[in-house]
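Here come two complexes built around subunit A, the first alongside subunit B, the second alongside subunit C.
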Partner chain A sequence: MKKIKITFLILIILINSILFTGCWNYREIDQVLIVAGLAVDKGINDQYKFTVEIAQISGGKDSKTTSKTITAEGETMFDAARNLISLSGKRLYWSHAKVIILSRKVAEEGVEKVIDWYTRDSETRENVFLLVSEEATAKEIFDVESTTEGIKSFILGEMIKNQVSLSKAPITDILQYGIESKTKEISTIIPAVSLKKMNDKMVAQVMGSAIIKNNKLAGFLNGDETKDLNFIRNQVKGGVLTEEMQTDNGPALASLEIFKSNTKVVPAADGNKIKIDLNIETTVAIDEIEGVENLISEEQQLKLEKSTENTLKKQIQELIRKVQSEYGADIFGFGEKLREDKASQWKRVSNNWEDVFKDLKVNVETKVHIKNSAVLS
Partner chain B sequence: MGDIMSKNIEKEALDNSLDNNIALFKRVFKDDETVIFREFQNKWLKAARCCIIYVDGMVNTEIVNENIIQPVLRSDLSENMESENLLKEFQSKIVVSNDVKTETAIDAIVKSVVYGDTLFLLDGYAEALVISSKGWQSRSISEPECAKVVRGPREGFTESIMVNLSLVRRKIKNSDLKFKFKEIGERTHTKTCICYIKDLASDDILSELERRLDQIDIDGIIDSGYIQELIRDAPYSPFETVGSSERPDIIAAKLLEGRIALFVDGSPFVLSVPYVVVENFQSNEDYYNNYIFGSMNRLIRGFTAVTAITVPAIFLSIVAYHQEMLPTPLLLSISASRQGVPIPTAVSLFLMLFIFDILREVGIRMPAPIGQAVNIVGALVLGQAAVEANLVSAPVVIVTALTGIMTLINMNFLSATIIFRNFLLLGASVLGIYGFFMCIVIMYLHLMSIRSFGVPYMMNVTRAKNSDGQDAWIRAPWWTMTLRPKIIAAKNLVRQSSAKSKEK
Partner chain C sequence: MQKEQITDKQAICIFIPFMIGSTLIIGIGGEAKNDAWVAGIVGAIMAVPMLLVYARMLSLFPGKDLFDILNITLGKVFGKIVAIIYILYAFHLGALVLRNFGEFINTVAMPETPMFVPMFCMGIVCVIAVRLGIEVLGRTTTYFLPLIFFILVIVQLLVIPQIHLNYLKPILENDTISILKGGFSTFSFPYAETVLFIGVFGSLKSKKSPIKVYLWGTLISTIIIIVTTIRNIAVLGSMIDRFYFPSYQAVSRINIGDFLERIEVTVAIVFIFSVLIKGSICLLVACKGIQKVFNLKDYRSIVIQTGLLMVYFAYTIYDNSMEMKYWAFKVYSYYAFPMQVILPIIIWAVAEIKRKINSSAEKGEAIPESTSR
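The block that comes next holds the complex of A and B.
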């Protein structure tokens, strides 16, 4: 009797553990369509218009991977996603998607509405990058020819990833967006994608950023502004600073490669007045001086450091002023910092932070070190 | 003893008449024309009529001619009549042989004669002399084909048990090395020999081995494999629980670790017990080479044993269930190779692995001259053509080839590898990585439950203590291996006294 009981117990545990697992369907890899990227537009009747780029793989000896787009509409995102099956025949496989491109209209209506399905579904992943199209629709990004061979979404993904050595666009995936947008004090930015004419052909370019305030698109910043923004957000990992120099042989442009940058945001309260101290310390190296040799002398380097500091400071102050007056969106994360460092002050101003932010006094200090001078031996 | 031969002749007995005795043996060896009866007489002593009986081909004719017949014919026996017992005189003064016994029991005599001894009958005596004259042809000592080493002794066991014993004896020159003979097989009377070092071997394991050997009731033993299967633990498991080796150095080393060896006449494979799982991965070369190199090689063997079992199942579960675990470029290339392939990945994996096993078996069975043809058919037609014809995808062929090669590194592990590889593959094809791990757990539980002569089969595999692990996954330097394997050599654990190793 005891033996039977134990056998039954083991059987129940075994059967339960089999039945209560997640997705476990056997599916051959060639039976699914691999989604590379997704573009969301607004269609007729306010429906979502869904364009997916799918990897099209031809087998055989010289296999080639090309891409193809499919467009479907639906009332909700998931509805649209499933409607795609009626056009493709095969199930779509989302785990390897790299980018989601939102059209301007969709982003203005609310980003969270769109990505909600993507964060909740079991087959999708949260490391997919978000993009906002500066063009009329998101779909046309997929329609242009790509600069290099391959699937456009994957190339876009690479473009965003490699911003670490350019810093002219933010790197925002869905997970990060979700975390930042839930923290109500700060607004977020996501990279912007636009079309650019190159050799009579239109190509996609990831440059600049879109300001998302209260989950809605508020405006765009260009690439250089985004770089300055990244300085404030302490997200500069690489990139180039150019600085004009007066030399004996006339004016020249120096390119400084950024190696390391560290930004300290220190909120301070002077009575009821809140002000922010920004300390930016950047280590650069001279990479290019347009052939002007005497720039390498120490005196010249110090001069170059000073002028670069001033230029950077001016640019950053300009950006802060622009964002404060035009958008009033705290994309710098000052509010977050204030909450961390000066909780009592934050409690006082948190209710009308937007107004406070608009009049916030920001003191910018920049420091540039030139690490080496690229001496030609 | 339920001896079949003795049943026919148990009524018979020797008597005083030589003619009767000859007639008796002619009856015993009726229809056996290899038995030679040679009668002769001493010219000085006419009463000394004698007859020798031996089996042609089993004896060394030089011994028979020069050491038995010649002394009897040429000696002046009339001077040697001091004793009443002429047969005793023959034994002590005439016959030139290192081993002469007086024997009366017919079955014992018959056994000796068929094993190459010469029987000496003398008229007037109901006794016989059994003179050792074994001298058959046997293979010379050579390096075993299947266990070659780059560095190490080049000798291997032969089919002759006495030669094999001498090979081990030469390595361990100590009176503590004990040999106990036992005959197994009612018809074959196969000589077996239990060999151990008295100081080291566990008495319990020894008596258990003897008990299991005594329980064997079989008519014939042709190879030690029969005994290996008859005395093993976990008889239904594909994992070997009795070791076997063709090399005297390995057996000597195992004896020095406190294990017990079992020699079987006619088989160059000597058994050793107890046998634990790590011994599958130990090679004698590990101990002869630099310990770093030895450890590296042993890790490779352990790693391949694990991967040979798991790789097809992991591949299948990722490709068919968990595509999200693949890096995107890999996913695309695997997907490209699958385009237009009609057979599901799971089926093609089973199929290709089965074909590989067929090729492996063919490689052993086929006559060597046609090997080339089979290789070409196997490698080209099945591998390349199948991919080109889009019957299987290229990654499946790669996985199969990789698995096949890795399987062959550990030949001791072959049956377990093949069985559990298919078992895991089945689990993976039904439930993905989840089913794979379920089967892994089952396999692990099975391994943990096996014992070999009371010693846990997985001994030292999962232990973190230094002295346990130093000869398991790695081979530690000799000066640190001061202890013998525990449990097996529980009687005398210390191999190097610590004082000595500190001097080092």
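The block that comes next holds the complex of A and C.
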């Protein structure tokens, strides 16, 4: 009896080991191409031109990661993505993609059209960063040499991620974009990428932001403007403020490292007029004073704080004025804040929010607190 | 044959995964958008009277299950007709749950694998669990529930950096009607689905009222559901009604220092376990019903057949996942209303009246039987 049982068990184990060896449609790593990034251009006949950067990992003693680009066209995004197979021979694996670069033309036509496939598909992940190319095409970002070794898309991803200590570009992934662009009449921003000459070679640089109004590209802001914008949007986590400082030896430039920043947007309504109160509180540390050795007195400190506050305030007011008059796009999230805090007011103005936004009165208050002066007194 | 019995604690442990089962997969309160959590609370409040009715029915007939109660109160013919309705409901609900699970696996993890495979695997486990009986189910859940709680709590903590509480505002932005509608849909799915437990709690060990089980179970699962819903809204914002499986999507946002990420599969563990419990309970109730209607000796003889039919039914029940969402949020509440509200109230009323008549008759004749009630 026991013998029968044992033989039976062994038989089951043997059958199992044949039946349950793995997935029937598995794909080995050498049979797929890992997509690192994607650039979308407009091709001929209004088609999408897809350029993917593919990570190539070569084995052996000194394994290297290099990259290669493939370009294909298609009527829709997914069509183009699958058309790539006819060029690569292998199926592409999308889960590790880090960036999507849109060309100016594609972004002007509508961003949502492009990203719908990406958010819908189950293999793609929604933590991929969106970028708009300031150059003529998006493809050329992949064509230039990279500053450091490695795969360009991953470097671009790092460039965006590390904006937390620079704040000169927004950090927008695809889901964030989806959430922000869902509210009617609210504009949003995505980082911009451009080419820059360095040692006679062109390199990609992530700096500044693209204004997306009603899902279409409306314009670009440069790096410094984006920093001010980040102050308004309460997304500053780090970065540098420069300010002229009066010392005993005459004026000198000081760099202030931002450690903490908190922005409060308070919408208020008196009667039918809506106004926004903006309170920015920033904690900084003096990290550089050009060519001064003497101690920083309390008086100087206060002066520096005051003058930084004023400069920041002026820059922010300028930016608001510029965006109001040039683009009329609410990239600051004032409308969203109004909807959240004063729903009844928002219902009243939401239909012509663009006009309301254009003459919106914004009261900016800035407060800068210097917490220390690094290791030098 | 000895009667199977479960303790109150085990009953609560079965109750919780039953409630959070497919609710966690497809979310609640679809129409109320960022007020879905309010809709959840509304649904819970709406459900309490019904839960009291269910508990009262059980306490009126201790040791009896739904189908015995139907037999006693509605008589042989009517009792059997209503019993068949409940069998179909349990069977259908089990199939819906299996289909939710299949749709989930098919959409997020294995798009190329036929949906039948995950559903069949789950169906087989349900069949085995039901064949082993309610006692085994009770003990299994008491062991697994701490793991489920652990996963839920850890995931909840890890997702904190992704939370934007301002997505919840403005609170009560949507009009009252859509919140009430969302509340009603939450009431019918999952709260009032616990009507099926009348078919199970006949095997409760304590002869006291199962009201404690119902209320504790509801309280704990409501907390889980509401917290999860708030988390989903706070992570996904206005995109929440675009995803079929918001919990999974919300958890996939977790990224701790580029190191701890893509841990949404842990949520799938919670799904799989609670779907197993929910499917098993549905199958168990359906089988017990068939046993009572056809006067079989033991329900175990028909578990395999019913279970397999349930899997096939789940396979053919919807055409695609769009239909699933439409059915779950738009149709289901109305479809289930008779089984969840109308019939229980009728049965309860009849039972109370019968009891009154009996007790007044007994008072006159002083039959000692009345102590058994």
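Rule of thumb we're sticking to: the second predicted complex is superposed on the first by the 348 of 377 C-alpha atoms of A that agree within 3 Å, B and C clash if a C-alpha of one lies under 4 Å from a C-alpha of the other, contacts with A are read in each partner's own complex, and residues count from 1 in each chain.
Note that a residue touches a chain if its C-beta (ideal position, glycine included) is under 8 Å from a C-beta of that chain, and two chains touch if they have at least 3 such contacts.
If you're wondering where the values come from, they're calculated on a predicted model, not measured in any experiment.
Room for both subunit B and subunit C is found when the two structures are superposed via subunit A, with no clash between them.
Of the two partner chains placed around the shared chain by superposition, neither subunit B nor subunit C is touched by A:Ile70. Applying the stated contact rule after C-alpha superposition, one finds that A:Ala252 touches neither subunit B nor subunit C.
When the shared chain is aligned, no partner comes close enough to touch A:Met202: not subunit B, not subunit C. Once the two complexes are overlaid on the shared chain, A:Val362 sits clear of subunit B and of subunit C alike. More residues of subunit A lie in contact with B than with the other chain of the pair subunit B and subunit C. In the superposed pair of complexes, A:Asn25 makes contact with subunit B and with subunit C alike.
With both structures placed on the common chain, the touch criterion links A:Arg125 to subunit B and to subunit C. Of the two partner chains placed by superposition, A:Ala268 touches none, neither subunit B nor subunit C.
By the document's definition of touching, of the two partners only subunit C reaches A:Ile179; subunit B does not. After overlaying the two complexes on the shared chain, residue contacts for A:Ile85 are found with neither subunit B nor subunit C.
After the two structures are overlaid on chain A, the closest C-alpha atoms of subunit B and subunit C sit 6 Å apart. Within subunit A, the residues touched by subunit B in the first complex and by subunit C in the second are 24-25, 125. On subunit B, the positions that touch subunit A within their shared complex are 319-321, 323-324, 328, 331-341, 344-346, 388, 390, 429, 431-432, 434.
Here subunit A touches subunit C in the complex through residues 23-25, 122, 125-127, 175, 178-179, 182-183, 339-341, 343, going by the rule given at the top. Residues of subunit A that touch subunit B in their complex: 18, 21, 24-30, 32, 34, 55, 57-61, 63, 65, 93, 95-96, 98, 123, 125, 154.
Across the complex, subunit A is touched by residues 107-113, 166-167, 169-170, 173, 236-239, 242, 249, 252-253, 255 of subunit C.
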